[in-house]
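In the two complexes that follow, subunit A is the common piece, with subunit B as its partner first and subunit C second.
Presenting the complex of A and B:
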């Protein structure tokens, strides 16, 4: 089996239909009331899949960690009865952009660190993943994640009559038994190379510093004036976190049924920008002030986790900037920090 | 063995009363729309007074659900009497909890208000500036929404019956929009009060394609000054550029949008808290 094959658009439809026959498929589906916008959702039929789409509001991590996830059910008997809620069905996640593949890999690393998160790895093991290449918009700045293939089993690049399909893993090769593919010709490979080149050219936004230098800048400078300026505009709404493919914080709550003798423990996506995120027992809040929370986000993404994992916890997907209704843009702010640091070096 | 559902806090099946002050009584109607879930609640409590739902009344009760704002001197005395009788007092919906749009009248003097509405009969009405119930008596639990958010009402009932406190969520509607994976209202080119409004409604309006009008009131430390900055910025990226250009809101219009549900206490955008330190 060659590592690159061609699937025509019609063949993609048949392939997806067979995938759905085999098991659940999640992928980008056009929003019913908002044409042109996609969201990751369970796909019922191949025509629902919108393989060429601009970045979704919420990243595909929701396939493995839904925003609201019941962990177990309980009954207040003596002793209490606990029933774990473990999903076991294998599924296929289709249509993941390169930035989001990077995001999933980063969450793998973060959740694997001891004490390891218990639910994520099992959910990941249930899924096959098909990546797809995309064209960036003004919010995208996917720098070194833009050509990534790690984390998917097959990778699709749009070409004239369909897709060039790269076989990344054995699981990917196995999936091809469900498809009708033809050998990739030189024209097809050229098409794909041109697509990648155009993608590279279209990425105009970028952080004007190496990740290592940026971490040093954040560590050495205080930038309190800048954080306060941004905090004046920041709602602390948390949307930068709740749309982020690498944010991994969650909250856990018990919910009672109205019978008052049973319920479930549920975890939900949390955000360090919310005022009560750092509120602890006794009433102390160690990031009570808005600018401290704004600063924390940059330190978290570009300093603390950079030091821990050797790369920033940012994929350049631009979701936080799109979601920010105060128009606080992650690239603009990062470059402002870098400029101020370099300015103070020179003066 | 399942435990008995007796409520230790009261020592008996607690008696519940519903009361209304200045409001449309839509919150009580919403509670009736709980239907089967209401029957589950009635396993644990006896309703003894509920004018909108039954004929019987009682002057003795343990839990009082109070709807509506305090807008007359008679209201002040009546809510004090209810407070004296009830072991637990719950505000039902935004009129009771934030004064909701009843406080729109607070922009004028009470004499003017009386004259416009009642003319020659104004002397019979002892109107005062509209205020939430918590401005008059101590409140044990609060629920918000216009009408009241039913998921929150159910949570509060469950908290009362299990003897727990209930802290209203101090997060904006944006959090629930994202957890539901709704497309941002701003991304559709519209203005939404979600970023400053206390969530707990499960983003019901944005889920149905509308914008948040802010009916649950401002969350604590809501940065309303940020809204002025966001909607009048000169330089903006494409999503907010579209919103700013399409609506071209003035400071007065932004303030008016916020005031529909949030005028107790009165605020101005210039005085808005921009940082919570």
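Presenting the complex of A and C:
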């Protein structure tokens, strides 16, 4: 089996149909109330899949860690009975952009770090993933992640009559038995190379510093004036966190059924921008003021987690900037920090 | 995945955030706000904790919260937790009776560096309910007394009625090989001991050899920097001053993000830190006044 094959658009439809016959499929589906825009959802027929789409509002991490995720069920017997929720159905996640593949890989690392948690990898182990290449918009700045293939089993690049399909893993090769593919010709490979080249050219936004230098800048400077300026616009709504493919903070709470004799423990996405996030006993809050929380977000993504995992916890997807009602743009703010740091160096 | 379609659980179900059940053996009211629960795992196995570590405690329906051990690992058949009634979960824990069950996950965190503390003088400074986590260390030292040099305990409570572990305080006070200094901020008519905040007897009555001493400080956030100043005044170096911090851990595994203190996770890197580790970290509200109160 060659590592690159061609799947025509019609063949893709048949392929997706067969995937659906095999098991659940999640992928980008056009929003009913927002034509032209997609969200990750369960796909029930091949025509629902919108394989060429611009970045979704919510990243595909929700396939493995939904905003509200039951951990186990309990019954108030004596002793209390705990029933694990052993969801074991395999599924296929289709249509993941390269930035989002990077996001999933980052969450793999974060949750696997000792002491490892087991809920995320258990969900990951259920899924096959098909990546797809995309054209960036003005918010995208995915320089480091735009050509990544790690984390998917097959990777699709749009070409004239369908897709060039790269076989990344054995599981990917196995999936191709569901599909009619043809050998990739030189024209097809050229088409794909041109697509990648155009994608690279269309990425115009970018943080004007290496990740390492940016971490040093954040570590060495205070930038309190800037944080305060941004905080004056920030509503602390947490949209930047809830749309982020690399944010992995959560809360854990119990829910009762109406009968009040049973319920479940549930973990939910949480946001470091919400005021209660850093509240501790006795009413102390070590990030009570908004600018401290704004700063924390940058420090966590570009300094703390950079030092911990050797790359920033940002994929360049631009979701936080798109989602921000106060127009706080992650690239602009980062570049402002870099400029102020370099300015103060020169003066 | 196994052939039955069920996930193969790793041995440790707590990685799935599932608690194991422990049973209340005894319950003792210490103060109006505090009860002491002695517990045993259903399996009767020891949890094998180190002094200063904590458990995630839960009651189904009420949720989960971190609580430090207040018993020493030298007590192997059971373990003890001191619970302040401050929220839904802890109030429900106050209603537990012997025989009742609660869920535990852990132990988590890094406790006191016992190996490094052996053969040294130990100076414990406790404020309020900070005595509870410190008790795991004090009882450990008491049980393995020859392994340590001096043992000094300075304990400040707000009022005589709020003193925790009165029986223990008396036992420690009576020991020839313990030096104890107890004080209260607001004495009542019966109180005959010291009055004033914990830094006063520490400053006026405690002489130490700063080279040989490890100081361990646990109390309300506002206490730490004042105690640290006294200890530095006595010639101690920052690296021999240990603080145990309290944060609202949701996972205990460095994942949920709630306890992040600058680049540190209090639940994993701590909860016991050296003073050296906290200097230079702006979110250590125990060391610095919170940033918004500094101007």
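Note that the second predicted complex is superposed on the first by the 347 of 347 C-alpha atoms of A that agree within 3 Å, B and C clash if a C-alpha of one lies under 4 Å from a C-alpha of the other, contacts with A are read in each partner's own complex, and residues count from 1 in each chain.
We take it that contacts are C-beta pairs under 8 Å (C-beta built on N, C-alpha and C of every residue); 3 or more make two chains touch, one makes a residue touch a chain.
Keep in mind the model is a prediction, meaning the values are calculated, not measured.
Undergrad: Once the shared chain is lined up, is A:256 touching subunit B (first), subunit C (second), both, or neither of them?
TA: In the superposition, A:256 contacts both subunit B and subunit C.
Undergrad: Considering only touches as defined above, state whether A:33 meets subunit B (first), subunit C (second), both or neither.
TA: First partner only.
Undergrad: Classify the contacts of A:269 with the two partner chains as first (subunit B alone), second (subunit C alone), both, or neither.
TA: Only subunit B; A:269 stays clear of subunit C.
Undergrad: For A:326, is the partner it touches subunit B (first), subunit C (second), both, or none of the two (neither)?
TA: The first partner, subunit B, only.
Undergrad: Is A:288 in contact with subunit B, with subunit C, with both, or with neither (first, second, both, neither)?
TA: The answer is both, since A:288 touches subunit B and subunit C.
Undergrad: Which partner does A:78 contact after superposing on A: first (subunit B), second (subunit C), both, neither?
TA: The answer is both, since A:78 touches subunit B and subunit C.
Undergrad: I'd like to know which partner A:300 touches here: subunit B for first, subunit C for second, both or neither.
TA: Touch status of A:300: second partner only.
Undergrad: So in the superposed three-chain picture, is A:248 touching just subunit B, just subunit C, both, or none of them (first/second/both/neither)?
TA: In the superposition, A:248 contacts subunit C only.
Undergrad: Quick check for you: in the superposed arrangement, does A:228 touch first (subunit B), second (subunit C), both or neither?
TA: First partner only.
Undergrad: Enumerate the residues of subunit A that count as touching subunit B in its complex and touching subunit C in the other.
TA: 75-76, 78, 256, 260, 288-289
Undergrad: Please give the residue numbers of subunit C that touch subunit A in the complex, ascending.
TA: Those in contact with subunit A are residues 1, 5-7, 9-10, 13, 15-19, 21, 23, 42, 58, 60-64, 86, 100-101, 103, 108, 220-221, 246-248, 250-251, 253-258, 260-263, 268, 283-285, 290-292.
Undergrad: Which positions of subunit A touch subunit B when the two form their complex?
TA: So the residues of subunit A in touch with subunit B come to 31, 33-34, 37, 39-41, 57-58, 62, 67-68, 75-78, 138-139, 228, 231-239, 242-243, 256, 258-261, 268-269, 271, 274-276, 288-291, 321-323, 325-327, 329.
Undergrad: Subunit A touches which residues of subunit B in the complex?
TA: Answer in residue numbers: 1-3, 5, 37, 40-41, 43-44, 154, 157-158, 161-162, 170-172, 174-175, 178-184, 186-188, 192, 194-196, 209, 220-223, 225-227, 229-230, 233, 236-240, 274-277.
Undergrad: So in the complex, which bits of subunit A are touching subunit C?
TA: So the residues of subunit A in touch with subunit C come to 71-72, 74-76, 78-80, 82, 84, 86, 88-90, 110-111, 113, 115-119, 122, 125-126, 248-254, 256, 260, 263, 265, 267, 270, 272, 277-282, 284-289, 292, 296, 299-300, 303-304, 307-308.
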